[in-house]
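Next up: the structures, one after another.
Consider the two complexes below, in which chain A is the common component and chain B and chain C are the respective partners.
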Partner chain A sequence: MNKEKISDIQSVKLMILFIFGSTLVIGTGGEAGRDAWISIFIAVILAIPIYLVYSRILSLFPGKDLFEILELNFGKFFGRIISLPFIWFAFHLGALVLRNFGEFISTVGLPETPKIVPIIIFGLLCIWGAKAGIETLAKCSEYFIIFVVFLLIVFSFLTIPIIDTDNIFPVLGSGYKEIMSGILSAFTFPFGEVVIFMMIFSSLRSKSSTSKVFISALLLSGVTIALLSVRNIMILGPDTIEAVYFPSYFAIGRVNIGNFLQRMEIAVTVVFILSGFIKIALCLTATARGVARVIGFDDYKILITPTGLLMVNLARNIYEDIVEMFDWAFKVWPYYAFPFQVILPVLIWIFIELKQRAKNKANTTEVTIDDGSSG
Partner chain B sequence: MVKNNKLFCVITMLICSCIIFTGCWNYREVEQLAIASGVAVDEKSDGITHLTIEVVNIGRDGKATYEPKYIESDGYTFFEAARKAVTKEGKKIYWSHAKVVIISEEIARKDIAKYLDFLFRDAETREDIWLLISKEKTAGEILQSKGMLKPIVSFQIDDAMRSQKSITRFPFIQLYEFFDRLFYKQVAPILPTINLVEQHGEKSTHVGGTAIFKGEKLIGFLNEEDTKSMLWLRDEVKGGLIILKNAAGTDDNVTLEIYKSKSKITPIVQEGVLKMKVEVDVDVSVGEIMGTSDFISSPGRQKLKAFAEKRVEEDINTMYTLVRDNYNADVFGFGRNIEMKMPDVWKQIKDDWDNFYAELELELNVKVNIRGSATTRVPLKAGK
Partner chain C sequence: MFVMMVLSYAITAFIDLKSNYKKQDKVKLAVYFTLMAISCAIGSISGYVEKMPSPAEPIKNIIFTLMGK
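On to the complex of A and B.
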């Protein structure tokens, strides 16, 4: 059924762009004030075991995605039941990112254009991307990441004249409660969202290195996000970061080098569009795959267009306005996303491990033969 | 046939695109915009906001000429007044190139934040605008004065602000820095002030001095001399002059030109009392000696150095006492400094900072290094 293959390095790039997604524009860990970057670092470290769980589940069944694994282990009926929350999560996440994009464009760029216009246009683009398949997206990401990294590095250097290092001091002055909630917020957005990759990573070319892919993508993107958070705190200060919707956009907007290099916020938009496209397209792919498996279709691609259009609708109707969106993203999301990102995967993992072990005990020889034939 | 079909499809799509996708949803042509270069905010007696918007009028006859036009507009809110200006000019005001916002003293004394909300919130206004407090009766008259070198007054103020480094007689604060400070409760925000001076019989703008805020309310002004002393305590002196009247007991006035200055500010606890330790390290050169005294030889330089150090120290101390006792406003950001360097101490005194600051002592140590005497080795005088 699935003949698409992507290499390890492509998956790493795909995952990095996915994690960047809307994070670079909205920012994360804001609860911790000037210690947001510490929260992000700790969230990265805490994400490592979870990522190992994800990759362990995948590497036990090479060439299969989460939905297939669930069916294999829980039986056809229960497997499909357990798939449902994951499908919803992928669908919902895609819609949220789409809405972020719409709000961003309409807030900073085109206030008089109805929000639905950028959402529809971007949604159609993502449908196209997802329909082209994960292989194409992976190749896209190889190309996109050059731009993203280039822009991030160049524009971070340009901000050097306006950074005020005093802003991050005192380190650890925010209090442990704030830092803890910052960790939760940074963990669930964006690092935990990588659970989506369990639903699409049947396409990995090599089997043994799943964990390497997950961990290296996590470290690279995590360190970048933390450093950018330091940059934003140094430029804007924690109070302004809390006051504005899109901190990175404001931070870059303050760059003014000799009255010549100025008004370069658009770079932030470019980064958002490139990485947001990958993120939404992957959410769409994951949703379509899940739906296809649950209703027993062979080809998930015919489901992408309807799913995508539904996603556009959900994105349009999910919030009243931008205030509600940010309230939700910061106050509800961490608690809402945690079960999908940690509790369910860990339970599934424990179940699968126990089952494997029982199987191993019951019939050692059979398993070794199995391994040989599947390899 | 197949090929023709393809061609047909492509051409149809192209035509459709031409019709549907050209132009933007809310496009704006440049000649439909009135480009605002600055705005002055006043309040009429009945609580109505009165805006004076300076608009750049670009000449259409081949040569690029530009001249200012002034639109006055009233409204219950800033936004209303700004929008109403459209009815007078017939064009929509475009804010992205605005350089200057002048706020009248009256408004600033009541609540400046009220009038700045629009500028902070709106997507079209930029954050690197200069914000100044008018010391004239209305802010509008400053904008409507005559520019000396540039016809557009806002652009002239912009130039004056950018030359701050060599003047050091007003603080260098852009809109966003003011916002950043406004958010932080224990720091008193400051802004430069602007007034009109007469030159060749015409009124012209002059930037100098400081307006001190406590929260969102203006509470007082500092003159230009005190402003420089204040900038020393904020480590914001990057250039400018030190003028020594009757230097070192002589009748001669001496000018020192500042090349480099660094103020190191640290909170210290001495015998159980928290103090601010300020070490100012200034590199200067003798820029002018109005007289015949010898300040160039080694002993003369020593004398001048000691005198300059004492003078700067006195100036800073006088200004500090004035600001602390009269206004009780922490314009120097000492509170923030303590938070940075002694977070535990700060947590205890944070809520009572105003009272604490009222008794905060300064331990000042000024070091003036005379690095040279410009191009000459001797004072200019008639030969014997």
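On to the complex of A and C.
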């Protein structure tokens, strides 16, 4: 089914852009207020063991994706049943990011245009990207990441004159409950979402370094997101951050160098479009792969367009307005996503490890019996 | 609205399949057109119905019930 191959460095870049996705625009760990950056750092540390679980599952079966691994270990029927929640998660996540994009464009750029217009246009673009295949997306990510990193660095430097370092003090002043809540929020959005890569990482060219790919992408993107969170808090202050929907957009919007360099918030839009495109296209690829596996197709690409259009429909109908979207993202998503990102993968990993051990034990006993009988 | 929706789905399917329509087997095409028809139906109904049922509300209710909120 899968002949596409991508290198480790391309995978790291894809994963970084995937993690950036809508996070750089919406922000994460907001529950912790001025201590959001601490929540993000702790979430990164907590994500390491989970990423090791993901990579362990993949490295036990090189060249296979999660759906194939489930079929191999749980049998055809149960493997397909267990695949269903992962397919739903990928599909739902893609629709949510698409809706984030629609709300963002409607709020900051085109308030009079119906939300469905940017959603359809961006959805069709992502369908096109997903149909081009994972190799093309990986090559795109190599170029996109240059723009994203350049814009992030340049615009972070431009904000230095408007930074107020007093805004981050007192450190740990938000309270431990809020920080814990921020950690869960930052863990599930965006770091835990990387579970999607288990559904597409059969395309890795090198079979031995899955954990290196996961951990390098986590550290690079995690540190960047935490630093940008510090920057936003220092520019806007915790009260304004709570009041605005898109903190990075408003933080960069305050840049004004000598009344000449101003209205720079377009940079945030560019970063969102580039990383959002990669994220939605990967969610679409994962969904189509899963559906193809469940119904027994050898090629998933024929399913991308219908799945993508269903995703567009879900994105359109899932929330009534931006208030409901943010309410859901902060209050429901952490608890909803946790089973897909942690509980199910850990249970699958434990089952696979026990099965592998039993298999190894049986092989050792067989060899011993053979040796005994020949001796 | 309905005609517009059907036409846009037909055009999308035509552009999507024109290069490899003959290479695909019948089962794949049947699944493809079924999913497209479902998508087109949802899209058309959304144009007429003010508030379509969404999975967000039931998921929220289940989570809040489980969390005891």
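The rule is simple: the second predicted complex is superposed on the first by the 363 of 375 C-alpha atoms of A that agree within 3 Å, B and C clash if a C-alpha of one lies under 4 Å from a C-alpha of the other, contacts with A are read in each partner's own complex, and residues count from 1 in each chain.
Basically, a contact is a pair of C-beta atoms (placed from the backbone, for glycine too) under 8 Å apart; a residue touches a chain by one contact, two chains touch by 3 or more.
This one's a predicted model, so the numbers in the text were calculated from it and none came from an experiment.
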Using the superposition on chain A described above, determine whether A:L303 touches chain B (first), chain C (second), both, or neither. second
Could you say whether A:G253 touches chain B, chain C, both of them, or neither, answering first, second, both or neither? first
Just checking: does A:D166 make contact with chain B only, chain C only, both, or neither of them? Give me first, second, both or neither. first
After the superposition on A, what does A:P62 contact: first (chain B), second (chain C), both or neither? neither
So chain A touches chain B in one structure and chain C in the other; where do those two contact lists coincide? none
Contact residues on chain A for chain B in the complex? 107-113, 117, 166, 169-170, 173, 236-237, 239-240, 243, 250, 253-254, 256, 262-263
Contacting residues of chain C [partner chain A, same complex]: 9, 12-13, 16, 24, 28, 31-32, 35-36, 38-40, 42-43, 46, 51-56, 59-60, 63-64, 66-67
Contacting residues of chain B [partner chain A, same complex]: 24-26, 123, 126-128, 176, 179-180, 183-184, 336, 339-341, 343, 346
Going by the contact rule set out above, which residues of chain A touch chain C in the complex? 92, 124, 131, 295, 297, 299, 302-303, 305-307, 309-310, 312-314, 316-320, 324, 328, 331-332, 335-336
